[in-house]
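Should a chain be cited, it is by its letter among A, B and C, assigned in written order, with residues numbered from 1 in that chain.
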Amino acid sequence: MRYIPHTEADVQRMLERIGVRSLDELFVGVPKKHRLERALDLPAAESEQLLTAHLQALSEQNASTQTHDWFLGAGTHAHFIPSAIETLVSRSEFTTAYTPYQPEISQGTLQAIFEWQTMICCLTGLEVTNASMYDGASATAEAALMAMRCTRRNRVVLASGVHPHYADVVRTYLSGLSAEIVTTLRAEDGRVSGLADLVDDQTACVILQQPNFWGCIEDLKSAIEVAHAHGALVVVTVAEALSLALLTAPGEIGADIVCGEAQSFGVPMSLGGPHVGFMATRQKLLRQLPGRLVGETTDTEGRRGFVLTLSTREQHIRRERATSNICTNQGLCLLMATIYLCLMGRVGLRKLAELNLAKSEYARSRVRETPGLSLAFEAPSFNEFVVRLDGDAAESLARAREQGIVAGLDLAPYAPDLGNAILVCTTELASRESIDRLVEALAGGAA
Amino acid sequence: MAEIQIPDELRYSSDDEWVRVEAGRVIVGITDYAQQQLGDIVFVELPGAGASFKKGEAFGVVESVKAVSDLCAPIGGKVIEVNDALTDRPEAVNEACYADGWMVAFSPSDPEEIDSLLDSEAYRKHVEARSD
Amino acid sequence: MSDRRTKVGNTANGFAYEEPLIFEHSTDGRDGFSLPELDVPPVDPTELLPEGAVREDLRDLPEVSEVDVVRHFTRLSTWNAAVDLGIYPLGSCTMKYNPKLNEKVASLPGFAAAHPLAPDELMQGFLQLCHGLEQQLAEVSGMDRVTLQPAAGAQGELAGIMMIRAYHEHRGEKRSQVLVPDSAHGTNPASAALNGYSVTSIPTGEDGLLHPEAVEAAMTEEVASLMITNPSTLGLFEEHIARICEIVHAKGGLVYGDGANLNALLGITRPGDLGIDVMHFNLHKTFSTPHGGGGPGAGPVGVKNILAPYLPTPVIRKLGGDEGEGYVLDYELPRSIGRLHGNNGNAGMLIRAYTYIRSLGPEGLKRCAEMAVLNANYLLARLREHYHVPFDRPVLHECVLSDKFLHETGVTTLDVAKRLIDYGYHPPTVYFPLVVAGAIMIEPTESESVESLDRFAEALIAIAEEAHEDPELVRTAPHHTRRTRLDETRAARHPVLRWQPERSA
C-alpha cells in the first residue's frame, strides 16, 4: 500500500529491535476477548485509477454551477474564485501543516492569520477578531454564548431575519444551559419588527442578520439603540460577507459582536463545507472571545514574529471553564479568504459588491415588470431578494431546472405565510441573459 | 527554581496565598512559590470592591502564558480595595509578589479565621512537601 | 574581511526571505483583481440604499498586484513545517500522510461547485457518498448509526454529550455530572460544561490506566456519562474498559468515547463492541484529511441504536421499497438534538475520508493500526535508555516519555522540543497529558519508514547527549530557524492582534 512504507524485512527488523516475535505481541494490551476475529466488512481496496472514476461518476450526479445557472444563495454563495487561490493553498506547506503551536516553524500560517484578523477587523469595524469558527451558524451560536457570559444574563432575542439554520444552531448550542430564546416578528417590508417589545433588562443580546435571510437590509442603528438602552449586547451576523464591502460596518454603527460566514471570499461552495466562520468584538470583551488568536511579538533577536496568544481562554488550559470547547478551526479556508481579500483589495472588493448590487437591481426591475411575479419586500436589499409567484413555486423551480437553471430557494418550509415564494440570489456570475431566462422561467407558470 | 522567599511576618494559606494582617483589614496576594510555578503572569482577574467571599471561595483568577489558577480567599470577608495597577502591570506579581504585587484588601468577616492560617515555617514545609 | 552581508536589502538572507505583512507591500492604485464588464445598467448605491447605510471606504485592505500576492504567500509558505516535509510526531494528532488523490477528487466541480441547499434530486452523488461513509465508519467502530454533521472533533463531542443529555431528559432523569479521567484532552470537560454538566475528574492509576474501582467510587445516579479516550492519551489500551462500561451502565449512565486515538484500533477491535455508546471520529486524524494549518477537520459521531432518536437533523436516508431509488435528507426526527452546522458538515472533508477508506480497504486499515503501533514501540525501544519512560508497558500508537533523566542538566522538555527544530523536526506534543510531568508525547503514525524513525530517534538521542555536554546550547535553541524563541509573555501582556496603519490624527 503506497501510503504505508513497511516491507516485511522492515517489520522483522523492527520486531527484533523491540524484542518481540510478532505484531500480535504488540497488541498484548488489548484483551483477547476484545480482538476482532474477522476482517472489517468493507469493500476491498480500490486502485487510484478506478477510484478516481468512481468519484468522478458520483460528482457528476450533483448539480453545480458548471451544470446550471445558479441563483440559490441562502447562506452559501456562488462567487467567482480567482485561480491564484487554488495554486497558493494547494502548497503542502499550507495544507499539511498543523496548528501553529511551535511558532518558530509556523510563521507562514501565523502571519496569514494575523493578516486575516486585520482585514476582518477592517470589514466589521471592530477591534479584535479570532482565527475563525467552523461556520456562520456556529459563530452566531458562540456569539450568543459570549454575550450571555459577558452580561451574566440568559435571554436571547433573535431577529426574524436570522437565517433559519443559524437560529436552529443557536437553539441547539444553548439547549444545555438555562437560556431563553425569543424571536421577533417580521415587518411588512421584510425587516425586524417589535424588537422593543421583547428586549428587557434580562436580555443578554439581540441577534440580527445583515442583510437578513430575506435579503433585506436592516436598520441596525435603531435596533442597537433599543438593545443598549437595556444593557443588552448586539450581535450582528453576516451570511453574505461581500455585503461588508458595501454597507456601513456594523461595528461602527455600534454592534458589540459581528460574526458570520466568510465563504463568499474565495471559498468553494463545496456542498456546504468546509466554509469559514468569523467572530469579531470590542477590545474590552476580548477575554470572552472564543477561538484562537494570533498576536504580534518579537523573538530573542528582536525580530517581529507572530504567536498564538491569550490561550488561557481556551479548552486545553481552562478545560471546563473555557470560553468554548473549540479546538480545530477552519485554517485552510481562512487562508483562501485571506488571499482572496488581498487579490480583490480595497478597490476590487467594493467594485465587486457594486457589481452584485447592479445585477440584483436589474433582476429586481425585471421581476417588477413581469406579470405573475412580484417582489415580496420593499426594504432595500443587496444581492438577494424574495420573489412572490402567482404560480406554484415548486413547479416553477422544477420547470426552471429543466431549462438548466437553479432558480433559488423554495421558501415553503421556512415561511409558509409568504405563499408561493422563492429566495433568489444574483451574484457577478449571473449574466444579463441568464437573469432574463430566470425571470421567464419563473413567470412561465402564470402565462 | 530560584530560592523561594517566605517572609516571616506574613501568614499563608495552603492554596499559596499570603496574608498581611493590618488594623481592621488583611491584604492578600500570591506567594513567591506560586508566582514561580505559574511563570510570567499575563493577567489578573480581580473582583470589584464590595464583593463578599467565604473562606476557600474563588475570588479571582491569575493567568500566566500557559496556565490558569484560581485565587482562593484565605479567610472570609468583604473586598474593600483592589490593586488596579495589576491591570496594566501584571508583571508586578512576578517582580514583587509581597509588595507591589498585592491583589486585594479584605475586611475579615471572622477574625478567628486568621489564626488558622499557616505561619512561615509551616508554609515552607508545605512548599517543600510538594517540590519533590 | 567583509562580513558577507549584502550591500542593500540587509533583511534578506539569501532565499530565506524576510516577508513583510501584505499591508506593508500595499501601494495606492495597484490592483490584483479582474472583474467582468457590466452588462446591466450601473447603479449608485447611495441612491438605492438609505442614508448612512453605505460604507465610505475599505481603507485598511491592501492594494497589491496578483504578482505581489502570489509571491507573498509563496514566501510565507516556506516558513512552515509540514507533513510533506518530514515526520510530524504530535501525540494524539495522527499526522499521517495526506493522500493527493483525496485533494483531487474533492475539487471535482460536481463537489466543489455544488450547493448544500439544492434539492435532494440534484445531490444524489453526494448523498450516496455520505451514506457509504456512514456505513464505513459504523463498521470500523461497531456503532449502529453515524452523523457526519459535526465540523470537528470538539463539535462531535458537543453533539455526543447533547445526545446523552437528551436521552436522560427523555427518560425523565435529571443527571448533573460527567466523569472525565485526569488524562483527558481539554475538549472533554469543556464539552460537558457546555451542556450544563459539572465535571468530576477521576484519577488514573499508577499504571496509567483507568481502574474500575475508581470509576465505581465516582459512579452514581447523578452521573450522565463517563467520557473515555481509548487508547488513552498515554498510548495505552484501557484494558478494563468493558468492566468500566458495565459499571456506568449499571447505574444508568452512558459511555462517551473520544475517538482521537482510533488509528491504533482499526481492524483490531471496535469501541462499540467494548461497551461505548457514542463516540466521535476525527477525520483529520485517523482518516488522513489534511490539517491545513489548524483546520478544517470533521468530527462525525457514531451512536448505538438507543441514541439514534437524538441524532442531529437532517439525517441521510436511503429510499426503500415503493419510495423509489436514491437518498433523501430527512428532517423528521422529533427527538433530535437539532442542528449543529449551518449545512451538512464539512462535506469536502467527508469526500476525502471516503476516498481514503476506499483506497485502503479492510486490510489497509488494519495495516495502518499494525504499523502505527509497530512504529511507536520501535521508537520506544530506541529511546528508552535515553529518556525516562513513565509507564513501562507496551504501547499502542503513541508513547509518552519525560525529561526526568535530564533534571540535573537544567534542560527541560521545552528545550528538547526547541532543539529538535534545529535538527529539522517538528517537535512532539509537550506537557500533555498533564498526568506526566514534562511529558513528551510521540505519535509517529504508520506513514513513517524505519529509516525515518531511526533518524528521528538519533536526533533525540543526540539532544539528550547535548543536554549533558552543553546544556546552554539546548536551553537557547532553536538556533537555525528564521525566528528564534518568541516572547509569548509580551504577546499575552500587551496583545497586538492586528496591523494598524500609521495615520495622522
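FYI, a contact is a pair of C-beta atoms (placed from the backbone, for glycine too) under 8 Å apart; a residue touches a chain by one contact, two chains touch by 3 or more.
Since this is a predicted model, take the numbers as computed values, not measurements.
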Most centrally placed chain, judged by C-alpha centres: C
Taking each chain's C-alpha mean as its centre, the one farthest from chain C: B
Interface with more contacting C-beta pairs, comparing A-B to A-C: A-C
Centroid spacing, where centroids are CA-atom means, of chain B and chain C in whole angstrom: 38
Inter-chain centre distance, chain A versus chain B - centres from mean C-alpha coordinates, in Å: 44
Between chain A and chain C, centroid-to-centroid distance (C-alpha), Å: 19
Contacts with two or more other chains, residues of chain B listed in rising order: 42-43, 63, 65-66
Sites on chain C at which at least two other chains make contact: 488, 492
For chain A, residues contacting two or more additional chains: 310, 312, 317-318, 321
Contact set on chain A toward chain B in their complex: 287, 310-312, 317-318, 321
Touching residues on chain C, where the partner in the complex is chain B: 431, 488-489, 492-493
Chain A contact footprint on chain B (complex, rising order): 42-43, 45, 63-68
